[in-house]
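Listed next: structures, encoded as structure tokens.
Two complexes are shown next, each including chain A; its partner changes from chain B in the first to chain C in the second.
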Partner chain A sequence: MELAIQLTVQGLIIGCSYALIAIGLTMIFGLMDIANFAHGEFYVLGSYFAFTVAKMFTLFESVIANYFLGFIVGTFATIGFGVILDRLIFKRLRGEPLLTATMATIGLSIFLANSIQAIWGHWPRQMPSPFGLDPFIWGPVVMPPVRLFVLVVTGLCIAIFHFLLRHTRLGKAVRATFQNRESAALVGIEIDRVYRWSFATGAGMAAIAGIMLATFMPMDPVSGGFATLKAFIVVILGGMGTFVGAIVAGLGLGVMEALGGGFIASDYKDGFGFLFLILFLLFRPQGIFGEE
Partner chain B sequence: MKVSRIFGGLVLTALLLAIPWIVPDDYILHLIIYAGFFVMLASGLNLLVGYMGQLSLGHGAFWGLGAYCSALLALKQGWPFWLGLPAGGLLAAVFAILLGRLILKVRGHRFVIITLAFQIIIQLVHYNWIGLTDGQNGLAGVPSPTLEIPGVGKIDFFSKTNFYYLILVFCVITVYVCYRVANSRVGRALEAIRENEPLAESVGVSAFRYSMIAFVLGAFFAGLAGSLYAHYTRYISPDVFDFLHIVEMLTMVLLGGRATILGPVIGALIFTGLPEALRFVPNPFWGLSWAPGHLVTSKALPAELQLMVFGLILLLGVVYMPEGIVPWVRKRFGRRPVAQAGEEAHPE
Partner chain C sequence: MRKLRGFLVLVFAVALVMGGTALGEETIKIGMVQPLTGPVSFGGNTLLNGARLAVEKINDAGGVLGRKLELVPEDGQCVPPKSVNAAEKLIVRDKVSIILGAYCSSSSAAVKPVTNKYRVPQITGVSTSSKLTEKDTEWFFRAQGTSAAYANAIGPMLKKMGLKRMVFLVINDDWGRAVAAEFGRAFKAEGGKVVETFIFDRKEKDLSIYLTKARSLGVDSIVTACYTPHCIAIAKQAREVGLKAKILGEGAWTTAPFYRGAGAAGDGILGFVEYVYTLDNAMNRAFVAKYKARHNENPTKYSAAGHTLVNIAAQAIQRAGSADRKAIRDALEKTNYDGLVGNYRFNQVHQAYGFDIFITKNEGGVPKVLEVVRIKKP
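Take a look at the complex of A and B:
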């Protein structure tokens, strides 16, 4: 039982990153109707931007200050990169057939993943961890500070995202475009602006996931492809194009993988998600929260 | 016109037969053989991706299944190549039928992701079922094919020249079958489904049935290619399931010219040759130092720069030349008007 609780907590942490990556993917998916295979590269890029600031520049004495400067710079640099990519590439892909758009993003993902290797080297890197190792203990739950940090920041991100979506003009425009592109354009919403900023926000969230995970996992320049895949599973399980679905399915997938890896077979840990995907397709093709 | 076509055919046949004598060294012949595997893979994939317009990312799984099936039968059961080869193809086809029953009713993005999920599950099994596949170590010592012809003697396909003729025969068979299928009721049905599925269904064209035919046929050829591949390289590992291989196959189909017979063939030749051509490009970073202690010493273009070029070509290719090379060349230089090959109705 204690093991199960511990695994669940661990799964939630990984699930947080799945959810953060999947929110951006859902947004690009729902708005532009593009399956962005390069989305996981934002997750890697963000962590490498932060790494560059925190480890290579080291402006401050304290590791914590360096890390948080890296966190902020990495996130905003990735958002800026997202804006540039949107201008250069994704603007052209909107309205293209699925085949073209998907293969173009696959090409982009290969290009980006290998650019990262060319710039930062193909060996894994380790971000200096800003947190101590003494865990917080509540009954059966043992939680190192890093993991608590991931939980809190993910909660904050989702709350901010929710606020932006609900209570700002741009958020309103995003929701309207999400529901119906043509009608939104008809009532004078600047669609291109909506696309640009939602794309960049999605990139930023993936970057935050990458920067947080880098504190307790080595950074692997080729992990972007796998992150994309996991996020796609989450998007489909959650029911394509619902944010609540992406968050719940993201956390759920993390927990499921941790429990399955701990109790059934650790070698097949990464396979459970794909298996669930096929099972869902058989019995509930519209996902958890989707409507057909 | 007629005479020139016959003449052209004869020249092409003579050229294909003479290739082992034309190419200067063994390595280029090796690349041509490699391109042969991809001709089989891309041509089969073209049925589903080109003619029906469904993007499958699971084709590499069938290739790997064929390779592992044939290699394991040869190594553990001592089956001869000529039984292992059809077994590889059939196993891939059986998997395609089972998978197809689950997924061929799905369309669009879901189809893309689910075919990829299938591929990854198969790959995980091959990595982790150590008792059968020996995991990451792979299977070594797969025997080369031999052929006994009474009265002629034994032909050993260990030599590259002999294997070239073997793969040539299979490429010709694959391309011919794809050509016949594409120009039959099946091909026309697939194109009808691609252009307008509800309309095609309403006149009685069963999308499920025809997509199953395309899917299973493509998987069968991929299985055969896998078996040939295993007996050619004589060593296979779960790396045959690498995502990059699927992207290569799709690039060959899309940039070669989808829904054309020649497109995947030309695509296979170009994109097998491309990485080799890139090797002669000098490394622009040679002698530079990124970080202290990391001096760039390789004069050849490193792998990541090669792949950057490949990714860029794929990205720019599908955006700026969406119809692919073969239809583009035909449009530019051809006399005959091309049938509506790569052109798809925009979904607006």
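Take a look at the complex of A and C:
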């Protein structure tokens, strides 16, 4: 029982990063109808931009300062990069058949992954961690400080996102565009601006997830594809186009993998996610929260 | 008629002489299938570095049979299909005389039928899965120990250390599974108990689930098989989940990027390694000095493997008296090479023996040798 609790907690934390990446993907997919297969690359870029500032151009003496500077710069650099990509590439993909856009994003993903490898090299890197290694022990739960950080930051991101969506004009515009693009344009909403901000948010969330994970897992240039795959599983399981679905499914996938890997079979850990995906596609293709 | 025959003989003789002179300038090509990109790229690249140093030394001394050696590296990425492509390209297009590789056991296993088919000698200096030298070794050689040999050598030591309950945390490929199988067997033979075996996928960087379960199972040791990124993850995440068990195993525990990535978390981990840069013999001192001057860091066991492979290959070519693949294969069987960690000879299934392996403990980012074990003839 202790083990189940501990594994559930760990699963939730990994699920946080799944949720963050999936929210971004939902935005892009739900709003722009583009299956962005290059989404995982934002997650990777975030960690590499942050790494560059935190470890390669160490501007401060203290690890903490370097880390958080890297965090902020990495996130905004990725957002900026995402906005540029939106202008250059995704703008031209809007309105194109889904297959065209998908092929373009797959190509983009390969290009970005190889560029990252060419620029930063292929050996494993690690964000310098300002967190101590020794964990907090609360009853049956062992919580390393860095993972608590992940939990807190994810919670903050989701809270801020929810606030922006519900209580700002831009958020209203986004929700309107989500519901019906043509009508939103008809009432004078600047669709282009909505898209740009949504893309920025999606890229930013992925970058934050990437930087946090890079703090306790080694980074490599080719992990983007895997992250994208997980994000798509989450989006489909949760219901395409619903943010609540992305969050619930993201956390749920994390927990499922942790419990499945820990109790059933370690070498089929990733298989559980796919198993649920297949079951859902067969019996409830709209996902948990999706509409028919 | 006699005039025509005489003329033909003259033409043939001239062609032979000219051909011979051209051959004299042609290099002897040594193909390498190694992971130059991907999660194991650090090892593959340091292996190439070690190999290049050896080739330079040989070429500076005049080469082999009056010809210079030429290394032709191809990126196998430690992925079997890519390694197969690399091998085929080297054999068919570059027409190499011998292939050194691959690195990961699964890739070596995939390349083996290719070298068998084209009848090209292949030597691996890194792969330890015992399966590789069990059969079909007509063209395949291994200048490295096997997980079985390590397990037999190390099993008694585990008992001496007082270890009783063990889990395995190994990567999902031929190497990882071999480590679990062989060390499990040896440990059980010494009366130990293997509580569980965790197998993780190479894309998996978060191993805390398994480390947590290991902690809850109350084991005193974790035996691992991991490449650099996963070794870093295990070292750090073991601390994070509050795991007190001893960590030991094959893998990248003594490489520079591991020390950089793991930091203090890497201390106390025991490694079963085929080489340490601190070895005090004349050949190694010279090797380390040259490597450090060139690459600004200490050579790894993979650099040593690269160096060993090239020297064994060069000696075989010399013995064969030609760059012919079959002649080299026959000459390899007579190998008696004194390298950085001891003497190398091949038995009837082309498995090397006679050299030393080391059990090291990480202390402050330096591998300290605890024990030296000689690999006996299998």
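Everything that follows uses one rule, which is that the second predicted complex is superposed on the first by the 292 of 292 C-alpha atoms of A that agree within 3 Å, B and C clash if a C-alpha of one lies under 4 Å from a C-alpha of the other, contacts with A are read in each partner's own complex, and residues count from 1 in each chain.
The definition used in the following text is that a contact is a pair of C-beta atoms (placed from the backbone, for glycine too) under 8 Å apart; a residue touches a chain by one contact, two chains touch by 3 or more.
Keep in mind it's a predicted model, so treat the numbers as computed, not measured.
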item: Touching partner for A:Phe57 - first (chain B), second (chain C), both, neither; value: neither
item: Contacts of A:Asp267 with chain B and chain C, given as first, second, both or neither; value: both
item: Partner contacting more residues of chain A (chain B vs chain C); value: B
item: Touched partner set for A:Gln10, first chain B, second chain C, both or neither; value: second
item: First (chain B), second (chain C), both or neither touched by A:Gln117; value: both
item: Which superposed partner A:Ile236 touches (first chain B, second chain C, both, neither); value: first
item: Partner chain in contact with A:Phe216 - chain B first, chain C second, else both or neither; value: second
item: First, second, both or neither for A:Phe163, with chain B first and chain C second; value: neither
item: Which of chain B and chain C A:Glu2 touches, first, second, both or neither; value: second
item: Contact residues of chain A, present in both the chain B and the chain C interface; value: 117, 122, 267, 270
item: List of chain C residues in touch with chain A within their complex; value: 37-39, 41-42, 172, 197-201, 203-206, 208-210, 212-213, 215-216, 228-230, 232-233, 236-237, 239-242, 257, 260-261, 264-265
item: Footprint of chain B on chain A - complex, ascending; value: 29, 35, 56, 89, 92-93, 95-100, 102-104, 106-115, 117-119, 121-122, 225, 229, 232-233, 236, 240, 265, 267-268, 270-271, 274-275, 277-278, 281-282, 285
item: Complex contacts: residues of chain A adjacent to chain C; value: 2-3, 6-7, 10-11, 14, 117, 122-126, 133-135, 137, 142, 144, 146-147, 213, 216-218, 220, 222-223, 226, 257-258, 261-262, 266-267, 269-270
item: Contact footprint of chain A on chain B as seen in their complex; value: 49, 53, 55, 102-103, 106, 108-110, 112-114, 116-118, 120-121, 124, 127-128, 243-244, 247, 250-251, 254, 258, 285, 290-291, 294, 302-305, 307-308, 310-319, 322, 344, 346-348
